[in-house]
Amino acid sequence: MEESFYKESIVLIEGAITEMLAKLDIIKKYKLARNERVPIEYITTRVKTEESMKEKLKRKGLEVNLENALTKIYDAAGVRIVCSYIDDVYQIAEMLKSYKDLKLIKEKDYIKNPKPNGYRSYHMVFEMSLDLAGEIIPVFVEIQIRTIAMDFWSSLEHQMKYKKDIQNQELIAEELKRCADQIATTDLNMQTIRKMINNEE
Amino acid sequence: MEESFYKESIVLIEGAITEMLAKLDIIKKYKLARNERVPIEYITTRVKTEESMKEKLKRKGLEVNLENALTKIYDAAGVRIVCSYIDDVYQIAEMLKSYKDLKLIKEKDYIKNPKPNGYRSYHMVFEMSLDLAGEIIPVFVEIQIRTIAMDFWSSLEHQMKYKKDIQNQELIAEELKRCADQIATTDLNMQTIRKMINNEE
Amino acid sequence: MEESFYKESIVLIEGAITEMLAKLDIIKKYKLARNERVPIEYITTRVKTEESMKEKLKRKGLEVNLENALTKIYDAAGVRIVCSYIDDVYQIAEMLKSYKDLKLIKEKDYIKNPKPNGYRSYHMVFEMSLDLAGEIIPVFVEIQIRTIAMDFWSSLEHQMKYKKDIQNQELIAEELKRCADQIATTDLNMQTIRKMINNEE
Amino acid sequence: MEESFYKESIVLIEGAITEMLAKLDIIKKYKLARNERVPIEYITTRVKTEESMKEKLKRKGLEVNLENALTKIYDAAGVRIVCSYIDDVYQIAEMLKSYKDLKLIKEKDYIKNPKPNGYRSYHMVFEMSLDLAGEIIPVFVEIQIRTIAMDFWSSLEHQMKYKKDIQNQELIAEELKRCADQIATTDLNMQTIRKMINNEE
């Protein structure tokens, strides 16, 4: 039982990601055809590992099975949307909310309210319905929206978190925090320059 | 007006194809994970050219615009599903009919009732709803389901149809018809052998 | 040692396949740009499994290591080129022989001389040199060229070979042989019709 | 003549890009299998437009034909390699130089010596030999290597260059220059933190 729960849930989770990517691809081309800009630089996806899903269910005191994997874990399917500018982030968040078949479950703005370590990103969880030849299955998808610079910073921060035996950990954490603020300032400056170039008010 | 109708309709048509391919990809992986077979060998897609869409609208006495392109033309978006055996064709047709968000508009069985020239294939037209960040647009998709051998035959028949100045046209047409029947017999034989190998009744 | 040999050899084998696909993609586009036809319908690839490689090396009385995997096994990297017509098969075989950086090691024409069970296909083994940032490594690639119909037949024959407890095995083998000959006749007929349509002599 | 030169040259240029991407893909997987890091974040490619190639040839006083397109234009095929850290840029440049079938034609380090406007990037031009079923054709490929942050900056700078009627052009140029230096500082800081985390000297 525990052995097979992952094989099936992975397919549904990947299916939800496939549907989300299809949505983003269509809207991108549609806007381009109307000469509107779609402010997406690149998209990456992530599926929670078997080990990590089991651990999460057990930590919550839940049985490890397909139903719990699909209904109790919000971040099994992950889609990260990376864009150039901070205002792009908010534009994408609004756009996603307007889909009739995406139900917003959770939303957290770590850009306006960065985490203490300096982490910045816009998080959302949507519920979408997968149609498997007539069988309808609800699946959660976690969306993270951030700028290129925030994404780069967070990849380095991630390295630190998973490294053991780091010397001067506190000093490094301080330096990382300082870099995060520096990057946020540059992001704002670049956005200001873009607005000047394009005569946006 | 006439100039720009295609740019937008092409995006919606390609969007419908993207959604259909996503559906087929998900169901394929889902069935594989449950150790069920999905009897699809390969899938090809086709978008009607601008010229051909204009011609069709004019022939029907309709104005050339986006609305008519989307609501009056059934075969602007084409998806061809090719499978190994004749019974696979019917299994896929049934599966497609069970999707809640696919509305069957037309259906024609050219396998049970081949065209006079020998053409065999199963044709369906579905209406699907494209969600463009809240704006819902209905789009038609034409599905052709056939065996590998039918697909090969039809590619040669297609060559003949678009060739001018063929000598012995009648003789060739007769030969093609004879090959189509030969191929249909082989398809049945191969299916019988497969059933014998797998002890299917 | 035995445990790690596969991880590295798989990369070199996949690398050789990547290079071969790049070659075929370039020549295809090049010929299309010159309005020449490239007679390839589709290409599939295959990498020998770890188990199967170990077994083959042991059967040959050889040590299981990276060097032997690369220098003693001809079919670790497999590329199957499927085309519409029998004369396409020979055209592709000739084309592959003309590459200066592909060294022909083995060649077998199972179309002119089918196997007793009815199997038809054109087999070649090439040695190609992989350049890994200055380190040159020779890798073998096995090429199988066949028509669509031969490919379909062989997929069914393959099913039989790997099925246990088949009743009437002999009868099925006979039927398969008969189908193989029938398919070969249809392939020839289709080629004749194509030549008539295109006025080829 | 002038009309057709592009159709053929585009295929050779795209072919060279395909070969270069195959090389990078193979080396990436090879290094991963040996637990070595390949410091590439993403790769983008670019093919010079017909208009832009014609213009360049005419500006040089050369005839517009296939031969001149292939032998006189260095940047018809463009591959941009984007990496996380500045030292990654140099590691990739060295790696590319070690390929036996890539001949270095030109090299320019705009990171050590940024352009006056703040532009930073490492430029190389290689000559590679395309084997078209026995016909060997030399093609140039321009490589640009830069960090993610340099790539972002340069996309904004590019917008300005192609925009007409910008108010306060001088002020914007100054701001862009200041941002470029800020970004370069952040890149260095991030590299320092990475070295601290990984105990690199």
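Note that the chains take the letters A, B, C and D in the order they are written out, and that residue 1 is the start of every chain.
Throughout what follows, a contact is a pair of C-beta atoms (placed from the backbone, for glycine too) under 8 Å apart; a residue touches a chain by one contact, two chains touch by 3 or more.
All figures in this text were calculated on a predicted structure; none of them were measured in a lab.
S.K.: Which chains sit in contact with both members of the pair subunit C and subunit D?
M.R.: Both subunit C and subunit D are touched by no common chain, going by the contact rule given at the top.
S.K.: From the C-alpha centres, identify the chain that is farthest from subunit A.
M.R.: C
S.K.: From the mean C-alpha coordinate of subunit A to that of subunit B, what's the distance rounded to whole Å?
M.R.: 36
S.K.: Where the centres are mean C-alpha positions, what is the separation of subunit B from subunit D, in Å?
M.R.: 42
S.K.: Using CA atom averages as chain centres, what separation in Å is found between subunit B and subunit C?
M.R.: Centre-to-centre distance between subunit B and subunit C: 29 Å.
S.K.: Among all residues of subunit C, which ones touch two or more of the remaining chains?
M.R.: In subunit C, no residue touches at least two other chains, as defined above.
S.K.: What topology does the chain touch graph have (line, ring, star, complete, other)?
M.R.: ring
S.K.: Which pairs of chains touch each other?
M.R.: According to the stated criterion, the contacting chain pairs are A-B, A-D, B-C, C-D.
S.K.: Per the contact definition, I'd like the list of subunit B residues that touch subunit A in the complex.
M.R.: Against subunit A, subunit B makes touches at 7-8, 10-12, 14-15, 18-19, 22-23, 25-27, 29-30, 32-34, 95-96, 98-101, 130-134, 136.
S.K.: For the complex, give me every residue of subunit A touching subunit D.
M.R.: Those residues of subunit A that touch subunit D are 42, 84, 148-149, 152-153, 155-156, 159-160, 163, 166-168, 171-172, 175-176, 178-179, 182-183, 185-186, 189-190, 192-194, 196-199.
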